[in-house]
Each structure stands twice: as structure tokens, then as C-alpha cells.
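In the two complexes below, chain A is the common chain; its partner is chain B in one and chain C in the other.
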Partner chain A sequence: MKIAKYLSIFKISFAQEFAYRLNFIMWRVRNVMQIFLVFFLWDTVFSDPGRVLFGYDRAKILTYVFGIMIVKSLVLSARAADVAGDIYRGDIMNHLLKPMSYFKFWFTRDISSKALNLLFAAGEFAILFIILRPPFFLQTDPLALLGFFLFIALAIFIYFNLLFIISSIPFWAPELGWGGQFLVTVIIVEFLSGALFPVDILPQMVQKILLFTPFPYLIFFPIQVYLGKISGTVLLGGLSISLFWAMTLWLVMNFIWNKGLRAYQASGR
Partner chain B sequence: MKKILRYLNLWWIMSRNSFSIFLSLKLSFSIFLTGKILRFIFFISFLFFILQGTKTLAGYTSNQAIFFFLTFNLVDVMAQFLFREVYRFRPLIVSGSFDLVLVKPVNALFRVLMGGADVLDLITIPPIIFAVYYVGGLLSPTTSQTILFLLLIINSLFIATAFHIAVLALGIITLEVDHTIMIYRDITNLGRFPIDIYRQPLQGILTYLIPVGIMITLPAKALMGLVSPSGVLLSFVIGTVAVLVAIRLWNFALTKYTSASS
Partner chain C sequence: MDKAIIVDHLVKNFEVTEKKPGLKGAIDSILSPKKKTVRALKNISFTIQPGELVGFIGPNGAGKTTTLKILSGLLYPTAGFTSVLGFDPWERKPEFLKEISLVMGQKNQLWWDLPAVETLELNRAIYEIPKKEYEENLNELVALLEVGKLLNIQVRRLSLGQRMRLELVAALLHTPKVLYLDEPTIGLDLIAQQKMRDFIFEYNRRHEATILLTSHNMDDLIDLARRVIVIDDGRILFDGVLEQLVSRFAKEKIIKVSLSREDDIKRIEEIGKVKKVAFPEVILSVPRSTVAVAAAELLQNFPVTDLTIEEIPIEDIIRKVFRGETSLHKKK
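Coming up: the complex of A and B.
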């Protein structure tokens, strides 16, 4: 019964994306434009097929770029970014009165968004692959693939909690809803997650510090596991930090959310 | 002349109002400013670390590659400073409030294009000009190369104006502005690096069809003495034609405005 409820939300959310088809297509066009920038930059840097730089050869770096497309659609495609708007417009009241979990509602919408984006990203991947014909590193080790999917699942959970924490800001400061998201999701996550460049081109010291934050575990780490560049104790270390952030952010999110609901004044309603 | 002064005065009043609104939200202002500065620092650091490993990019030296990036930032930030109001156009169209702009004794295009200069970008322009001046100086340009660079930057702003007018016109016709303007931003972002890095036909498209190359790569190349007189002449022709076509598109779009929802 409960599953049927969220399945309906999934279906409605999926259909809603098609209500604004032009918006969705343009969003996907934007993703392709961003991939062009990164792809051609690395294509130029690795124009010599024998070149090895920052621990990457041409096949691995271009696989990283194509991996960004798929991992971004799985991890960073999320509807929960709209929660901030729900709060400052007062629309959250409608949801709180309904017999369902607000978190599960948005998580289901996130999954729906990810499914749709993954579908389109896979199509774009295929088209760009045919046009650009990059060398591609195909991972065949089942353990590495299992690790990749495990890190993706953790990344989805980390990002969901991170978005909810940022989206809670309007409970106290409605005017900062978009500002907080801009700073964290558009700037910090975009650069520090590895969505633009692999984190391991940075100096060792910066890398070490960054790997203690949750951001590289969103994009960079899962792709590194796929590429087979991370295994053994380093992988276990990454898994521990990733699990730590998943748990911590979940606890922080619950704490902030409870405080926020107490501070909420239902303005706008 | 009197008309130009009147519009300059209007622009000053509208910009002052826009600045006042933004400055009244101090925390929001600080967050956005921090975000913009961080984005610049992250990107230039990324470029710096790549160039430390590769030494050159598409045959350009480190200083030249960084100068391309700074030129992109200069054009991008100036366009955002002048045309921020375009980002606020969709609600006017969707709600029908654009009627209130049309009935006023001010050119409607001027109002929706330049009616809300962005104080955040104004703050970031001086440091970028300084960086362009400093890194440009390291490339030892001649006086004529410097003048050509400045003229081509003005031409870039004309092309940016044409793009923004086209976005407004498409906004009236399709009711879609937010993603169109962001696609424009994504396309110009391709100019962060010299367009020589892109393969054909993308390179050709970025040079002639969507002239990002003329907007960003060409001025930087002019300072390095890497452009031909015919290339410069062609860029001015493209700049002029782009503005004229955009204004025609705007006039056409106005005939399609239905004033729905008002």
C-alpha cells in the first residue's frame, strides 16, 4: 500500500517533467554544452595518444569525461532543490498535512528525475560517442563495478541530505533560499565534486584535505572506482569517509529540519 | 544628443534603484559575491594546475591561455553587469506585466534590456580589468595591438547585446527565457579556452554562426598579434549584422505579444 503511494508520486513526477518539454530539452542541451567544454579541453591536452598526465592516459581521461555525464544524471539530478521554494512560499503546509513522509515524497521525486535524466543522458552519451569517437575504458572487473554502484548509491544519499540541509535555510531566512543553493550546489559541488575536472590534478595537500569533505564522493570517487584507479585500502578508506558523511549529513538534516519546523511561521499561506 | 542624455539619465536612475534593492539584502549580497569570486578562483586554479602539467594548450603558452580566460571573464562580466534585467524578463511576459513597460514613454527594449544593472558584477569588473592589464602586459603587445584589442572588446559587447536582444525576443515568442539565457551563457563559456581546441564543425559554428570566437578568442588573439586585417574587418561586420538582425527579431516578436494573463 505504502509502495503504491510512492509509485504514484514517481509516475506523476515523471509525467510532470514532460509537461514542460521545452524546459527539459533545454536543460539537457545545457548539459551537452558543458560536456563539450570539458571533452575538448582534455582532448587537446591528450592530443598525443601516448601522453600520460596526472596519472591518466587518453582513454581514461576521456572515459572520465563521459562518466561525468552518467554520474551527474544519477547523482546531481534532483527535484529536492525545490524544497526551499516550498518553504518560503508556504506550500510546505499542503505536504505536511498529507499522510505521507515529506522526505520520502522528495526522495521519490528525486529518483523520478534521475530516471528521466539517466534515460536522456544515455541517449546523449551514445550520440556523442558516435560523433566524437573517443577511446573508452570499459571496466570488466565485477568487483570494481559493484564498488562503483555502491559509491553511486552513497553519493545519491549524501547529495539528497546536502540539498535538504541547504533548502532548510528559508525556515529562518526566506530571502537566502536561492543564495545558499547557488553557493553550495552551483559553485562548491560543481568544482569540488569532480564534475568539471578530476580532483587528482590538484596538489597532494589540497587533495588530502578535499578527500575528507563529502564533495569528491559525489562524482570523482565513483568514477575513479569505475576506472580501477582506486582499490584495496584506499577504496575502504573512501568508503568509510563516504559512509561517515552519509550518516552525519542525515543526522544533521533531521536535526535542522526539526528545528526548522519549530521556527516555521507558515508565512505566505 | 538630448535623447542620448535622457536615456543615460534613465539608465543611471534604474541602475541606482537596482543597486539599492540588492544592497538592502546584505547577507544575500555577500553570498552571491562570495560565490562569484570562488567560481573565478576555482576555475583559474584549475587552468593553472593543468598548465603546470602541460606547459602549453593548443600551442598557446601558459600566459596566453590564461589571457584567453581573462578576456572571456571581462566580456562575460561586463555583459552580465549591463544586461542582468534580461534574467528577470520571463515573469513580465508570463504575468502580462510587460504591458506596463509598453505603455511607458520609454523604449521598451531599453527598459527590459538595461533596466537593472548588476552591482555584483560592477564590483568584480575592476579586479578583472587589472588582471587583463597585468597578464596582457606580460605578452608585450604593441600600441596598435592594444588598440585593436580594445576595439574588438567593444565589438564583443555589441555581439553580446545582440544575443541578449535575441533572448528577449524568443522570450516573447516562446515564453521561455531562463534556459535560453543559460544556453547563451553555456555557449559563451566555450570561449573560456581558445576556440582552436574545438574540432570542426563545432569550431566553424563557434566562429561564424554563434560568434563566440569573435567575441572572445579574436580580441585576445589581436593583442597577441595573431589576427589578419580581413579577420578584424569580418568581425566588425558580424558584430553590426548581429545587432541589426536582433533588433529586427525583437520588432517581429513584439507583433506576437498577446498580453495574455494581464
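Coming up: the complex of A and C.
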């Protein structure tokens, strides 16, 4: 049974996360603090109840902020961020020696980590909801919800492939791993995906270009679908671009990894 | 299948970027990287029979670990042919990976923050070992390596010796037919080393496993390996029975003489290099080609009561091999 392999990986990853309980809790606290920060920022900007900026009023922007919290813990909290270190330290050898797919190994660890994070995010969500009492929009249209989950699944896959591509840098340049990751995950992804602000407050021109990149489909697009702001042809258009990127990045990832493993020098401590 | 491992004209080159010390060196290496090709393996060939236990020896950086990594499918060979149990290692087919194991003294597969038993369970699933077989193997390994009490302790709380034994359990749960051991006794104390050796011997015997072992520990080789492959600077210098290593690399023989009078010792130095004088015994080292002449001369001109001719101890030879001071090695 192949599935049993990955179920075992899921279980041990879960156990591993709990080995660093304090670390994990601090990470969650950091997340909450970030939410507070973004929440109060926008709350201040929209302190005048009648103010509408970039098509967002207070209720909408605050819903967006809460949406970020859930979607981020689903999409951007990825264990695969450790892959570069795995290569750099040579620990990847242990995995390559085993009859399992390295990609699926990390994907499973990722899902495991996401499950845990989601569990906590749901709790935090409830608490913050009670404290801040934001006007929150509950989507009831099953079609919109289905679309939302579809986009989330694609976003997880896209981000995972992006991470794997970036993580392959140490095959060629062992000391550059961390820098590349920082650039991509922290700067580009956070900024362009809509994890800091909704992408549609940017100038039209920039938005148009951005929508052809994979980034807004990580955070911004799924939330908009949830909010019911995107539907019909725009949704289908987004879906096809998103699918295109999922496929392309997967192919690119496979190509680069095939090359990378050949170039790999398997050094390390 | 007649051969377990075939290595034919294997070549492996590494591209390395040279880096000079300091900030300037770091900047230079980014702006104008100087690539250098390191020829780690220069055309090596050998074959190993199923069930053989072969020692791989040579100085640091000779290419031993590189060979093991190629044979495990971790490194892509630059040129040449390799086959392990009929598989091309590089393809890393699951059927191949289920039959091999690579244990590196300085590499851990055990999950650091969890008890070892968690990793073992994971390996059971990954290698698809049936529950019953798993329990049998585990019990056997645990008993042989005496690690029963350690299974449920967090790995990071264990000593190196304890961890190494558990690493071995994790690596052998799926009873690999081919086992690569890279410095299995490194960093272990004498008792732990002996336990490890006994275990390797036993595993080889019980499972008829093919074992390729690299070590800097002389006892590992003398105790375990009947056949050794000496590798230095990416080339094979010797491949044969351990005892033959001596006749191949020892340029000299040892003559031990017992004398009835002490005053002759000065003159003996003309016959050979005097290594030790502990009257009445004198130990000389003499070139192999002239050993008979030297012995005759001693018997004729000295009051000899006893004389024996011996080979240089194998330990001395291996030590020379480790230092790269072998006769075929002209570079130094």
C-alpha cells in the first residue's frame, strides 16, 4: 500500500511539530501579532466610517484581513521551506536512499504542517473574532465556496512548486540557498500575493500585469472568490491562468530537479 | 546473477569554485568564479561477488566515499558503467533501493527530536516491510546491538555510540542485500567499536549480505575484510587478499637475530637498517630483494644463535596506505 507510506510521514511530521511546542506557539503568536498589526493599520485608515478607499470600505477590508489569516496558514505555511537546508547540509541523501518520492515526502510533510496550523488558526480566528468583532462576511453560495477550495488547492500546489524550484539553488551554489528563499518567500510572495494588502488597490496597469503572474493566485484571488467579488468569466480566466502556472511550475520544477540531482555533489557534514 | 557489484571504468569529476579567504575573496568568487575540475575517480574498475565483505582503504580524499555514493545512486557518474544487483544505481528504482543501505558514520537518518522507534516505524512503512517480518528483524537487531532500552528515548539525548547502533538498526530493518558502510566506527570508543565489528561480521554471515566498508580503523579491516581495495588519488592501487597487501607494498622484510655476543652490533648496521636492539635480539629491516644475502651474511660473520625472517606487520602497511605512502604512489 503506497498510501500507508505517506500516512506514516504525515504522522511523524505531526509528532515532529509537537517536539518543538514552544517554538510552534511562538510562531502562532507571531501570526496573531501580524494580524493585529494589519488590522489596526486598516482600522485606522478607515476610522471614518463613511470612507471608501480603492473600492474597500471598513467592513470589506477587515474581512480581507481575516481572510488573509486563514488563507495564509493554508498556503504560505510550508514545511518545504526547509528543503534548501536539507540539500545544503546533505541530509537529502537520507531521503534519496529510500524507496519514496522526495517531492511527495515534503508535500506530505507540508500537508501535515498545514493541518496543524489550520487547527490553531481556527482557534485564533475565533478568539480574535470575539475581541475585535469585525464585520465578517460568511459565504453561503456553494459554488463560491467550491471555487474557493479549488483555488486554495491550486495555490498550495503552486507555492509548493515555487518553493521547490527556489530550494534547488544549493545544488549549484550551496551558500545561496537562504538568500533566494528570503527573496522569494518574504519579499515577492508576501508583497505580490496580497498577504499584506489587497492587490486591487494597486494601479490598474500593475494589477493587469500581476494577474498574469502566479503570485496573486496564492492569497488575493482565493479570498476574492470567497468574498464573492470574483465570479463568472473573471473567475474562469483566473482559473485557467492558475492552472497554467500549476502545470508550468510543476514541469519546470521537475526539469530543474533532474538537472540539480545530476549536478549534486553530495557533500555535507 | 553472478556479480553483486560491477564497476567498470568509472570516472567522477567535481566542479568546484575556488574561494580565497576574506571579504575580497568572497566578492571575487561571486563576480568571477574560478571553476576547477577535481578528478575524484580516475577510471576505476572492480567487481564484488555476492556475500563478499570488502574493505575499501586509502587516505582521506582518495575517492572511497564518492565510490560508495555513486554505488548508492546519490551521485551521477561522469563516465563509466556501474551495476548493483543488476540495477543502474542512478535510476534509484524502488526495487533497487529496497535492497541496499548506506550507513555513514557522520550522517543521521534518525529524527533528531523523536524517539528512534518513530523513525523505525516510518522506515517500516517506506520500505513496505510486512508487520511480522518487521518485528522479527527489529527483535534480532535490537538483541544483537543491545539497544532495547534506547528505542523510546529521544534521539538527541543519546550518546554517539548509542545513536550509531540505532542508525544501524534503522538502516538494516529492510535486510538489505548490499550494505555500504562508510566509517562505521568513527568516533566510537573501543568497546563500542568492537561491538560494531562483531555485528557487521555477524550480519554478513547470517544474511550473506555483500558489504563494502571504508574505514580508517585498522582493526575494522583486519577483523572483517578478507579482501581489500586500496584506492588513492582516484585510482585503485591494489585489489586482493589482505595478506597480499604486505607482499605488494612492503619493500622490506624484517630479520630478527639473536646474538651470543654484544660487541658486534656496530657492524650489523652495514647489513641493514637496525630498528631495535634489545640484547641478545636485534631487529633489522632489509630490502626484499637482498634478504637472502643479508641472512647469509649474518650467519657467516656474526655469532648468531637464532635467526628469523618476517614480513612487516600488516598494521604498518595499512598505516602507510592511510598516509598515502605506498610505493606505487610517486607523487610525494
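To be clear about the criterion, the second predicted complex is superposed on the first by the 267 of 269 C-alpha atoms of A that agree within 3 Å, B and C clash if a C-alpha of one lies under 4 Å from a C-alpha of the other, contacts with A are read in each partner's own complex, and residues count from 1 in each chain.
The rule is simple: a residue touches a chain if its C-beta (ideal position, glycine included) is under 8 Å from a C-beta of that chain, and two chains touch if they have at least 3 such contacts.
Source: prediction; values computed, not measured.
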| item | value |
| --- | --- |
| Partner contacting more residues of chain A (chain B vs chain C) | B |
| Which of chain B and chain C A:Phe197 touches, first, second, both or neither | first |
| Touched partner set for A:Leu138, first chain B, second chain C, both or neither | neither |
| Touched partner set for A:Ile130, first chain B, second chain C, both or neither | neither |
| Which superposed partner A:Met205 touches (first chain B, second chain C, both, neither) | neither |
| Partner chain(s) touched by A:Val186 [first = chain B, second = chain C, both, neither] | first |
| Common interface positions of chain A, toward chain B and toward chain C | none |
| Footprint of chain C on chain A - complex, ascending | 1, 4-5, 7-9, 12, 15-16, 19-20, 90-91, 93-94, 96-100, 261-266, 268-269 |
| Of all residues in chain A, those that touch chain B in their complex | 22-23, 26-27, 29-30, 33-34, 36-37, 40-41, 43-45, 53-54, 132, 173, 175-176, 179-180, 182-183, 186-188, 191-192, 196-197, 201-203 |
| Chain A contact footprint on chain B (complex, rising order) | 25, 27-28, 31-32, 34-35, 38-39, 42-43, 45-46, 49-50, 53-54, 57-58, 174, 176, 178-180, 182-183, 186-187, 189-190, 192-193, 197-199, 202 |
| Residues of chain C that touch chain A when the two form their complex | 14-15, 69, 72-76, 92, 94-95, 97-98, 100-102, 104, 106-109, 111, 113-114, 118-119, 121-128, 154 |
